[in-house]
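A single structure is presented below for examination.
Labels run A, B, C, D and E following the written order; every chain starts at residue 1.
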Amino acid sequence: MQKIGVFVCWCGSNIAGTVDVHAVAETLKKEPGVVFSTDYQYMCSEAGQNLIKDSIKEYGLTGVVICSCSPRMHENTFRKAAQSVGLNPYMVEVANIREQCSWIHKDMATATEKAVILGRAAIAKVHLNAPLTAGESPVVKRALVIGGGIAGIQTALDIAEAGFEVDIVEKSPTIGGKMAQIDKTFPTLDCAACILTPKMVEAAQQEKIKIYSYSEVDEVKGFVGNFSVKIRRKARYVNEDICTGCGVCTEKCPQKKVPNEFNLGMDNRRAIYIPFAQAVPKVATIDPNYCTMLKTGKCGVCSKVCTAKAIDYTQKDEFVEAQYGAIVVATGFNPISLEKYDEFAYSQSPDVVTSLEYERLMNAAGPTSGTLLRPSDLTHPKTIVFVQCVGSRCDGGDKGKPYCSKVCCMYTAKHAMLTREKYPDTDVYVFYIDVRTPGKNFDEFYRRAVEDYGVHYIKGMVGKVVPQDGKLKVQASDLLSNEQLHIDADMVVLAAAIEPDKTARPLATMLTASMDTNDFFTEAHPKLRPVESPTAGVFLSGMCQGPKDIPETVSQASAAAAKVIGLLAKDKLTCNPCVAHSDEQLCNGCSSCEKVCPYGAITYQDKEFRMPNRTVAVRRVASVNPAVCQGCGACTVACPSGAMDLNGFSNRQIMAEVDAICK
Amino acid sequence: MQIEKKEFKPTIVAFCCNWCSYAGADLAGTNRLNYPADVKIIRVPCSCRVNPMFILRAFQRGADGVILCGCHPGDCHYTTGNYYARRRMTLLFSMLDFLGIERGRTRVEWVSAAEGAKFAQTMNEFVETIISLGENKRLEDLRCKK
Amino acid sequence: MQEMMKKRALQLLQDGTVERVLAWKTGEFSYDITPAVFESAEEIEKDFVYDAFCAANLSKYLVALSKKEGKTLAFLKPCDSYSFQQLMKEHRVDRDNVYIIGIACDGKADADKIKDSGIKGIKNIADNGDKLVVETIYSESTELDKKDFLAERCLNCKSRKVVIYDEMIGENGEVLDSNRFDMVEKIEAMTSEERFEFWQNELSRCIRCNACRNVCPACTCEKCVFDNDASGIANKAAANSFEENMFHIIRAFHVAGRCTDCGECSRVCPQHIPLHLLNRKFIKDMNEFYGEYQAGEDLETRPPLVNFTMDDVEPSIVNEKGGKE
Amino acid sequence: MVFSYYPGCTLKTKAKDLDRYARISAEALGVTLEELPEWQCCGGVYPVAKDEIATKLSSVRALNSAGEMGNDLVTLCSACHNVIKQVNNDMRTDENIVLKVNNYLKLDKPYAGETNVLHYLEMLRDAVGFDKIKEKVTNPLTGVKIAPYYGCLLLRPGSVMQFDDPENPSIMEDFIRAIGAEPVSYSMRNECCGGYVTLENKSLAAKKSNNVLESAVSAGAQMVITACPLCLYNLNKNGSDYDIPVHYFTELLAQALGLK
Amino acid sequence: MENKQQLTEQILRMSGVNARKCMRCGKCTATCPSFDEMEYHPHQFVYMVEKGDIEPLMKSESLYTCLTCFACVERCPRNVEPAKLVEAVRLAVIREQGANHLKPQDLPELWDEDLPQQAIVSAFRKYSK
């Protein structure tokens, strides 16, 4: 039997004005288990807290009920007070007789009666409270960043800056991501490479950062503070430590007809290649799909010309297993495939390009060395039509993505503006549904494109593109003048919707992190925890969480880094003790709880149970990882056998409250 | 002849999730928005913590109405809890209706931490409904043939 | 059928494929058949029976049997196979330890219906394909059409397809368009008052014998919450008039999304309470609110109660779509 | 290989060639086309409105009749194909239509879209295989530059027709390659020729037809092929700015197979 | 007013179209091969039906210049299906007694000997009841 003390607070006249606090204390004194009951002016004051502490000591209280303001206000205060004199803080319950009683009722008799009932419910609950100890788990002081684009680089740099080790896993041979392919950035028009490559170099030189390029995450185990990750280092057939990046091999390789992915296939590279001049790490990689030596065993030119002797045709995939306290997902995005939108003739004419391809066509390191030439005949295009929202804002399903890709309005304005600036004799049309420019200096930028650069912005959409006689016959609508336009264009640029990288979904499964129907990672809370995944210890950076531009990506990257630093700064994690736990004797192992757990906190194991007649039975039972569980209780209701229960809000505790209220 | 009518004071249990609705109830208090004292709130971490058993238990022990309040769908502190609660309560309420229990006795309302006024208004409406339904007899009587 | 099954059971037992056979044997009367485990050829030769009265769903016994050493041969009717697959989905049975022979089923006879038809002193009922031959203690013999005496659940059969098996005896059937929700709809069409009276009439007969729970293939909890003192709702004897309601509602809720609608609960109820209607109500609601779902149909689909969509119906749907006021 | 075959009214009158060459070619390719015993005109245009029931009945009768014989239903005229496939889709997806149609028809067994509808081209691609056709070709049309004309009816709506990629189809191109000729790629191949208004609005039909032919001619086509009698008529009659022959694809098939 | 609303509902029901899904991109109008012949263009059809302005549409020649080529249906990013609205409005017109757009007596004038059956059949199906 508990020895319970009841403390009724007046809160000055806030409670005492409507509730007869003395009567409440007296009535509750008669409840079973109550050995002490009193009222006082301000329980939260130092004197009030001392009253509680002294009473705990004097009466040897095992449970405390405080009838006062909302537990959201002072529950912690009272718990700490109890703890300071050796009572487990979770033996304290608060009956809310201010916000939910004295402040909403006028009649003293009614309010007093209700206060007593609320007090009784709290007493009934305390009877069933058990001391809870917050568990602790150690924190491995190293972070993993998956994805080496601008998001991943920024996150890694910030974490390293704070003194923690970070590993970056990047699936392609170099870090840099999509930003490396971009020519200029809006709305300032500074060159993307000029601001990105120093960061890439910094990441490479930062002692705390280790870059696993050309690598993928194969397996993730563990939980917040202690993830164990298996990283596959794909064979690049070049010894990374020896290669000097001199590039001789990439010039001598006889296999010249390999589509160059960095320029989106608009030109060719060799079978051994360095993706671009500023690549980090600047080492060569052999493409096994094209290398004659690897495919037929005959060639070996690169090996012969390599003075550093870095080529190794026998290399195999290697695996690294490492421990991390936190994982940041920064897997980024890709433009969607335009197969389904061939009314724009993307597959029918090389002069119909995506915006990212256009980016490369404008770029000095691109296939045309920065001169804008149309791919079909390398002539200057005189009329260019930009089409916005290709595959964005659709009805979902086969039609395309239901969301706005967010960056297209701005980069299209940028393309249009840059084109007009470099080639003033070019006619530029932009077909838009809405121009969306929320962002610092964004609308001004777009207006400049229209007002200063004379870009023709037309509210409407392109309906059909017909390549004919060297032109692209564009049929479009102009909704404001209610006309159908027919434009003979030289190039058409499609603002393809963006979608999360294809590697994100399997990664989410490995991390037990949740995703929305569009394969964007979901955040722990859309407003308040936007850079955390609901899975503890997994953080989100950049486009993998939703469409965003570079400044937003960098902000989120730094925010994620701050969260990681906050986590890694701790030696141990204190867990919320109000977590679920499973009674193995009762558990059927049916997996219902696991299915509703938003945190992936529940796992199963086969356990032996002693049965009658000295037999042993093996049964699959659930166990909850207290470091991961957040205590929502979804599992407790999903569980038919009642094996799953929640500390601090157990079935019996809640039912005791129900009983006390309904008596 | 005058029959003396005893005023019916219903017993009403309100389960409120800690993050939204309980805070909404607190806000109703802070703003001094009245609702009847018949409503007694039980704090739960999330609407998904509420087991149909608790609701039946309340009726068993004499409650006349039970209401469950949680974060608005999409705003759950635990992301998905109220979605499960919504399904569970939909099915439970439908079953009670099927058994001939007055459907006004159970209700789910999504109340955010900012919706103090909505909380008070909801409780006022609910109490009114319960008073109009009168004492909860059917659930108790289901097993005893008159 | 019986002979084919028997022959195959003997073969599999003798060639060591299985250690034991789960099937049926005759109880007190020829129409009172109980599940049985046979471990030897002799037992099979002696007691093995399969006819129109082999109604029991065998799947539940495999929770324990599949954990035993050696394989168990189980004969599963379509109904049983759904239950078995549902148990697999919940990791309650070890598939590798069960050899399943699916048996085609065209419905089981209901001995009570025969008794109710006015035949007195039934001694024996023989299953003769489409006909049932009833012999009485008065040495009378009557031939009845089996289809006139099918159990209620078989008249509303949802599926004649055995969904999981190692081999089939008889030709596997199809999923059927059944009218199984007709009665639920009929009750829904009653007024609230009438529904209450209907259920009061039914549930007031409950004697809490637990037969429904004990036979239910979804009720395989290691320990039922109603038997667990620590659960706070255990009750051996009813504490007040509410207990039975609570028991039946909670039981139906606990099996919601897991109940395959095999109808065993109503079959075994000694008080003839149509308990399956509670389960069907949940099934019907789940189908209507969250899309068609058949428990036990496959191993992958998420049961509706551990699933959600962001635009699920609100509980207030009951005000629009519930029964009549 | 046996298929039920729905020729449609135009193939019995003005477009006998389309039909005749299809039959003899099928036979040569080992396909038996069993003409449905009693078929009625499909109406020529799909009745779009949800409350159009009577106008869908003839299609359902044809579908059900093929279904009763256990066959897939092959159609040839693009319009018939479009109508019958769309009605079949209604019978698969629109409960209301299924109910009303079945109430009306009182078939032995209610029909709910069980029959598969194939266009003759689909049959060539999926049942026969273009590779097999290539083998059987005795008289390849080597060097002939042919513009495939799909029009709108074969392809749209893509989600229902499931015929080919509605924006970038390839089945006719593959067919052209199979008979040894060279397909010409041009973007107007899936644009409308204006066939449905040919009766009333010759100038609009002419404009649309000429646009199609212009695109084909400028891409270097020597002839155009189609599966639709209405398109054929319209391109020939109204597309008079361009003097380029328009043929039924079956005619070329028969020719390549040495049957013409 | 009530009539207007009824008419709108009738059109929406007959077509099965949800006009509210339209995001006013104008792709239907951009892709329409019959644009020049139309008084009201596909996007206007959608918008006017959404607003309940059915009467002007019913009086419009546009009903008979739509080619039913389904390009707008195929290419609409929002699955709005403008052609189905055109068809529904046309039906609303020709289902009225004596409102047939095409009458048998018109035929001889339009006839030529190569005209395939389907041209006539479909024209009657589309333009008369």
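Keep in mind that, in the parts below, a contact is a pair of C-beta atoms (placed from the backbone, for glycine too) under 8 Å apart; a residue touches a chain by one contact, two chains touch by 3 or more.
Values in this document were obtained by computation on a predicted structure and should not be read as measured data.
Peer 1: Would you mind naming the chains that touch chain D and likewise touch chain E?
Peer 2: A
Peer 1: Computing the C-alpha centre of each chain, which chain sits at the greatest distance from chain E?
Peer 2: Taking each chain's C-alpha mean as its centre, the farthest from chain E is C.
Peer 1: In angstrom, rounded to a whole number, how far apart do the mean CA points of chain A and chain B lie?
Peer 2: A distance of 36 Å separates the two centres.
Peer 1: Averaging only over C-alpha atoms, locate the centres of chain A and chain C and give their separation in whole Å.
Peer 2: The mean C-alpha positions of chain A and chain C differ by 46 Å.
Peer 1: Could you give the separation in Å between the centres of chain A and chain D, each centre being the mean of its C-alpha atoms?
Peer 2: Between these chains, centre-to-centre, one finds 50 Å.
Peer 1: Find the geometric centre of each of chain B and chain D from their Cα atoms only, then give the gap between the two centres in Å, rounded to an integer.
Peer 2: Spacing between the chain centres: roughly 62 Å.
Peer 1: Mark out which residues of chain C touch at least two other chains, giving numbers and ranges.
Peer 2: Residues 225, 233, 305-307.
Peer 1: Which chain B residues sit where two or more other chains touch them?
Peer 2: 52-53, 57, 74, 80, 84, 88 - these are the residues of chain B that touch more than one other chain.
Peer 1: When you check chain D against every other chain, which residues touch at least two of them?
Peer 2: 167, 191
Peer 1: Can you name every pair of chains that touch?
Peer 2: A-B, A-C, A-D, A-E, B-C, D-E
Peer 1: Note which residues of chain C are touching chain B in the complex, please.
Peer 2: 184, 187-188, 192-201, 203-204, 206, 225, 233, 240-246, 249-250, 252-253, 256, 278, 281-282, 285-286, 289-290, 304-310, 312-319, 321-323, 325
Peer 1: What part of chain A is in contact with chain D in the complex they form?
Peer 2: Chain A residues touching chain D: 339-343, 345, 347-348, 398, 464-469.
Peer 1: Under the stated contact criterion, what part of chain A meets chain E in this complex?
Peer 2: For this pair, the touching residues of chain A are 343, 389, 391, 393-395, 399-400, 433, 459-464, 475-479, 482, 484.
Peer 1: Which bits of chain B are touching chain A when the two form their complex?
Peer 2: 11, 13, 18, 22-23, 25-30, 32-35, 37, 40-46, 48-54, 57-58, 61-63, 74-75, 77-81, 84, 88, 120
Peer 1: Under the definition above, what is the set of chain E residues touching chain D in their complex?
Peer 2: Within the complex, chain E touches chain D at residues 13-16, 33-34, 36-37, 64-65, 67-71, 73-74, 83-84, 87-88, 91, 102, 110, 112, 114-123, 125-127.
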